[in-house]
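First chain A sits with chain B, and in the next complex the same chain sits with chain C.
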Partner chain A sequence: MTGFLDSLFNGLALGSVYALIALGFVTVFKASGVLSFTHGSLLLLGGYLVAVLHDDLGFAGALALAVLVTAAAAGVLDRLVLQRVGGSDPHAAHVQTIVTIGVDIVLVTDLARRIGGDLLPLGDPWGSAVSDLGPVTVADSRVAAILVSAAAIGGAFALFRFTPWGLALRAAAEDREAAALMGVRLTRVRTAAWCLAGGLAALAAVFLVAFPAPGLERTTGQLALKAFPAAILGGMASPVGALVGSLLIGLTEAFVAGYQTDLHVLGEGFGDVAPYAVMVLVLLVRPAGLFAAKGAVRV
Partner chain B sequence: MNVTHPRPRAARTPARTAALAAALAAVLLAGTACSSKADGGSTGDAADGVRTGPGVGEKTIRLGALTDLTGPYATLGKSIVQAQQMWADETNAAGGICGRRVEIVVKDHGYDVQKAVTAYADIAPDVVALPQVIGSPVVSALLDDIERDHMLTFPQAWAASLLGRDSVQVLGTTYDIDMIAAVDFLTRTKKLAKGDTIGHVYFEGDYGANALEGSEWAAEQAGMKIAGQKIKATDTDLTAQVAALSKAGAKAILISAGPAQTASLAGVAAARGLKVPIVTSAPGYAPQLLKTPAAAALEAMVHVVSAAPAVSSDLPGVKKMAASYQKAYPGEPVDSGVLSGYNAAQLIGTDLKKACQGGSLARQDVVKAHRSQKDADTGLGTPQDFTYVTAPASRSTYVLKPDAKALGGLAGVEDAHEPAGVDAYLAGRG
Partner chain C sequence: MSDLRSLLLRRGPLLAAALLLCALPFYLDAFWLRIGLFSMAAAIGAVGLGLLSGTAGQLSLGHAFFLAVGAYGYVWLAGEPGPGLPPAVALVLAVLLAGAAGGLFSPVAGRVKGIYLGVATLALVFLGHHVLLTADSVTGGFNGRSVPPLELGGFAFDGSGPGLTVLGVPFGAEERLWYLGLTLFAVTWFTARGLLRGRPGRALVALRDSETAASVMGVHVARYRSAAFVVSSMYAGLAGVLLALSFRRVVPDYFSLALSVDYLAMIVIGGLGSVAGATAGAVFVTALPLLMTRYADQLPLVAAPGSGDGSIGPTEASRYLYGAAIVAVLLFAPDGLHGLARRARARLRRRAPAPGAPGAGPVPSAAASPVTTDTTARAKEHTP
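And then the complex of A and B:
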């Protein structure tokens, strides 16, 4: 039973961090139609900034600055590079997606060069402390991950629902042309979406590399890719779908690793494949994802 | 309507066929010319009567290093490159080898196999041996080329699958021997007994597979069971693995992965009150770990099994090397890479000297000189036996322990010794 609760809590914690990343994917996709492959490097950038700044600014200051800088970097990338690529070509979003792959390679290579073979601690206040929650022992950083993610995701949802920007974003996602005719400034809406995604990625970086993980590495950015299946199985344009998908992926990963020995039939190391297997299974049943946008009707 | 008709076959005249044949022959000839060059065919006698080959001139001996200065093993690569350069400088200051200056050509491949293959082709014609090649996948990709070129190579990788090639020398113990030593250490000192379960967290690929072979064999001999957890290099949070091993009732955990994974494993295990001994081998530890939140857990729970002693060891050779390195590269960490790099360079030096005495520095003769050494002792650890191509060069391992106060972050616990059962294991493997 302890094993089950362990895996459950672990999965929820992982899932809530993945949700921060997946929500970024989805927001960007909704606003610009671009699949952002730069997410991994933005995440690495955020983590790296916290790692190098926390000695001087303290953890909270470093985190705040990292979130702002990463958000700004994502916004600049969108405004100065992506929006100028493709023009009025109906396939502009596809071209921009490819551009994000290039930008990702440039950014990751530079950050990896700076990080080298090091393992950078982020100086978070939780350290390796743990608490007992009933029968299970959980890392404080994990509890913090769940609470902070919940707050950030709640905040993002409130933005979508209750602000003019959120309304504009939803309108743009529904019908770009009609939204523009109604006076929605598409460029601003999408740049703001990119900023939000960047900030969330920086926040996710902190919890991905905090204890029980040992610290920021050059490969940390690759963890962002784990949120891809989450976003896809949720239905690429649905924030709620991203949240549910992330939790599903986090739980799958934790349970498959926790019960690896009982799953011998599926082969060792099935945990790595499991998120993608779940994604394929879900898409077989619901081809448009769990929470498909209403517009996506199959004819 | 436009229809293209196939060209009548008669268009291929006898003259054209002859031209084609000639071109083909030329290409084939060029091909053989290339391979005979790479083969070490450009041998000759130098003015001093020593037979020379690729990489050996009248005044210089050129060695090559295929290293990782920009990839995941950049820290290791830098340490080895600097240590080997220090050896070259020392050797040249003492008059060189065979009356020649030693030079090391360093190529960075960033742990990219394709780049490494290109880099090898680039430097192969101009070097006599490779005292450093980082990365199991890189070495595996180059095995055939190395063997064809008779290029004496010391890989910085220790999988048993690299044994059995005349020109490739795995220094020290292989991963399986390390894990047999680890199980031996656990049964001797941590009261593990028949019926107990040992967890083994391991990387997919050669490294993990070979390590698991050793641990499973040793556990079976001792009547114990291995609970395996396979992970990838990107898995740096081992919470789920620890939960599973705790559920399996593991009394101890072996880990054959990178330093980041060892830190996570120890940190998580300590945090959830799973106070079991953890044993890893040299690639699973780096002194940088002592700056992570897991430092206390590492010092309390982890041991490192290694064919090389700690850099903080009292061995006179090691002390001297560590002192010179700190002088040559002030402020740089003196980690296990420094020791293994310097050791490899010294061994190549001994081989070259021996080959010189035999009157030839041609590649084949350098390999022959190397393979004739039964008791090679650089004073940096245990002596090694290079005469058996299919057996590890050493069977003895040290047991070390993370220690923030020690140089290189490791302190000695047990001196080098051969773990029980290694002979039987190697005999069984044939």
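And then the complex of A and C:
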């Protein structure tokens, strides 16, 4: 029973961190139609900044600065590079998606060169402390991950729902031309969406490398790829879908890892790839994700 | 006679390129031949991906998986443990196996579209990598397996066996494999161009531009989407076999997501939807890191490999250049190297008649011709 509760809790913690990343994917996709492959390197950038700054600024200061800088980097990337690619081509979003791959290669190469073979600690206040939560022992960092993610995601949903920018974003996602005619500045809405996604990625980096993970390493950015299935599962244009998808992916990963001995036939380390298997199965049944809007094609 | 001349004019460049490629092993050393071999293998795979992502518009990040199926299929079929078939048979079966793997994915490929398909194919790479690591008895696990050399009618494509000397040049593994690669690449080049210029190519382009319109015109949407996947995987399988033969050892870590991204970069840098473009992109992406590593000590700003941290080594330098090249190509030449070449040709053609008409002068001809060249360029946009 404790095994079950352990896995459940780990799954929720993982899922909430994936949700931070997946929400970034979805926000960017809603605003610009681009699948951001740069997300992994933005995440690495956020983590790297916290790692090098926390000695001077303290953890909270470093995190705040890292979130701001990463958000700004994402915004600059969108405004100065992506928006200049493709023009009025109907496939512009696809072309921009490939540009994000190029940017990702450059950024990851540079950060990996700086990090080298080291494991950088982030200096987070939770350390390796654990507490007893009923019958299970949980890591404080995971509790913090769940709480902070819930707060950040709640904040993001409030932004979508109650602010003029959120309204503009939803309008632009619904019908780009109509929104533009109503006075929505598409480029600004889009850049702001990229900034939000960048900030969320930096925040996620902290919890991805916190205990029990060993620390920030050059491959940390690749963990962002696991949020792809989460975002796709829910349907790329649905924030709620991203949330549900992330929890599903987190729980899948934790349970497959927790019951590894019973799933021996699938091979060691199947937990790492189980999210992708779940995603393929879901896409077979619902080709546009669980929460996709009913597709109607205008001819 | 004039027929022959026009034929020569039309086919001349291709013929010259083929002759040059056949002559190269007599002049280049093993290092350059190896670059050429890897480039040819990459070009075969890139042509396959170009067919799928460039022409049919189906974003695929799973190309590494199909390369792996081809490579491991060949190794298992031709080697021990395994059925130990004759290598030539194993090659053909490996290509068919890769095609079958593509076919098995068609329930997804036929329905899932655009970005969703891209991420769904991502799953293939990760699941495939997991299988390669865990199915020890077939794949050899983490350390991979060594590749049995190809043999055709008693002639082995490796350095062993009786020595062979042609025109005073000893033919080792690289020289022999070069001609094998060249043959396979020629097969790829002509079949892919034939496919693209014929009915299937037009159907795929129609599908890419508008699925609804294409299906109204009588294109069977799901069937063509799946078929594009199967054909593309078969090219990937062939590339995988050639890569395995050149590496002489296959390991799971080579067939990672980074490899898929490399292939995507090749067709984007080369120019989507063109066989020649995919080839040019493949050569660029494959040769760049190898050349940078070889000439690291002569390049400014680049340190020799392993000279302390903080400095930019050749691997990093080539990664920077490679990432920047993707961004720059899409920013300034969205139709890739192929588009650049086409525009350069159009400009040459525009300039060529000017000296022949001294009265007209260059200015009016330059003012009059853009209209015509523009329309020809646009009409050619989607032809390979």
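Here is the rule we go by: the second predicted complex is superposed on the first by the 293 of 299 C-alpha atoms of A that agree within 3 Å, B and C clash if a C-alpha of one lies under 4 Å from a C-alpha of the other, contacts with A are read in each partner's own complex, and residues count from 1 in each chain.
Here is the rule we go by: a residue touches a chain if its C-beta (ideal position, glycine included) is under 8 Å from a C-beta of that chain, and two chains touch if they have at least 3 such contacts.
Since this is a predicted model, take the numbers as computed values, not measurements.
Engineer: If you stack the two complexes on chain A, which partner ends up touching A:Ile105: first (chain B), second (chain C), both, or neither?
Structural biologist: After superposing on A, A:Ile105 lies in contact with chain C but is clear of chain B.
Engineer: Which partner does A:Gly116 reach: the first (chain B), the second (chain C), both, or neither?
Structural biologist: In the superposed model, A:Gly116 contacts both chain B and chain C.
Engineer: Based on the superposed arrangement, let me know which partner A:Thr187 touches: chain B (first), chain C (second), both, or neither?
Structural biologist: After superposition on chain A, A:Thr187 lies in contact with neither partner.
Engineer: Could you look at A:Asp272 and tell me whether it touches chain B, chain C, both or neither (first, second, both, neither)?
Structural biologist: A:Asp272 sits against chain B and chain C alike.
Engineer: Between chain B (first) and chain C (second), which does A:Thr163 come into contact with in this model arrangement: first, second, both, or neither?
Structural biologist: So A:Thr163 meets neither chain B nor chain C here.
Engineer: Of all the chain A residues, which ones make contact with chain B and with chain C?
Structural biologist: On chain A, the overlap between the chain B and chain C contacts is residues 113, 116, 268-269, 272.
Engineer: Under the stated contact criterion, what part of chain A meets chain B in this complex?
Structural biologist: Those in contact with chain B are residues 2-3, 6-7, 10, 14, 112-113, 116-119, 121, 127-130, 137, 139, 142, 208-209, 211-215, 217-220, 222-223, 253-254, 257-261, 268-269, 271-272.
Engineer: Would you mind writing out the residues of chain B in touch with chain A in their complex?
Structural biologist: Touch residues, chain B against chain A: 70, 72-76, 204, 227-234, 236-241, 243-244, 246-248, 259-260, 263-264, 267-268, 270-273, 286, 288-289, 291-294, 296-297.
Engineer: Would you pull the chain A residues touching chain C in the complex into a rising list?
Structural biologist: Answer in residue numbers: 29, 35, 81, 84-86, 89, 91, 94-95, 97-99, 101-106, 109-110, 113-114, 116, 225, 228-229, 232, 236, 267-270, 272-273, 276-277, 279-280, 283-284, 287-289, 297, 299.
Engineer: Contact residues on chain C for chain A in the complex?
Structural biologist: 57, 59, 107-108, 111-116, 118-120, 122-123, 126-127, 129-131, 133-135, 211-213, 257, 261, 264-265, 268, 309-310, 312, 316, 319-320, 322-327, 330-331, 334
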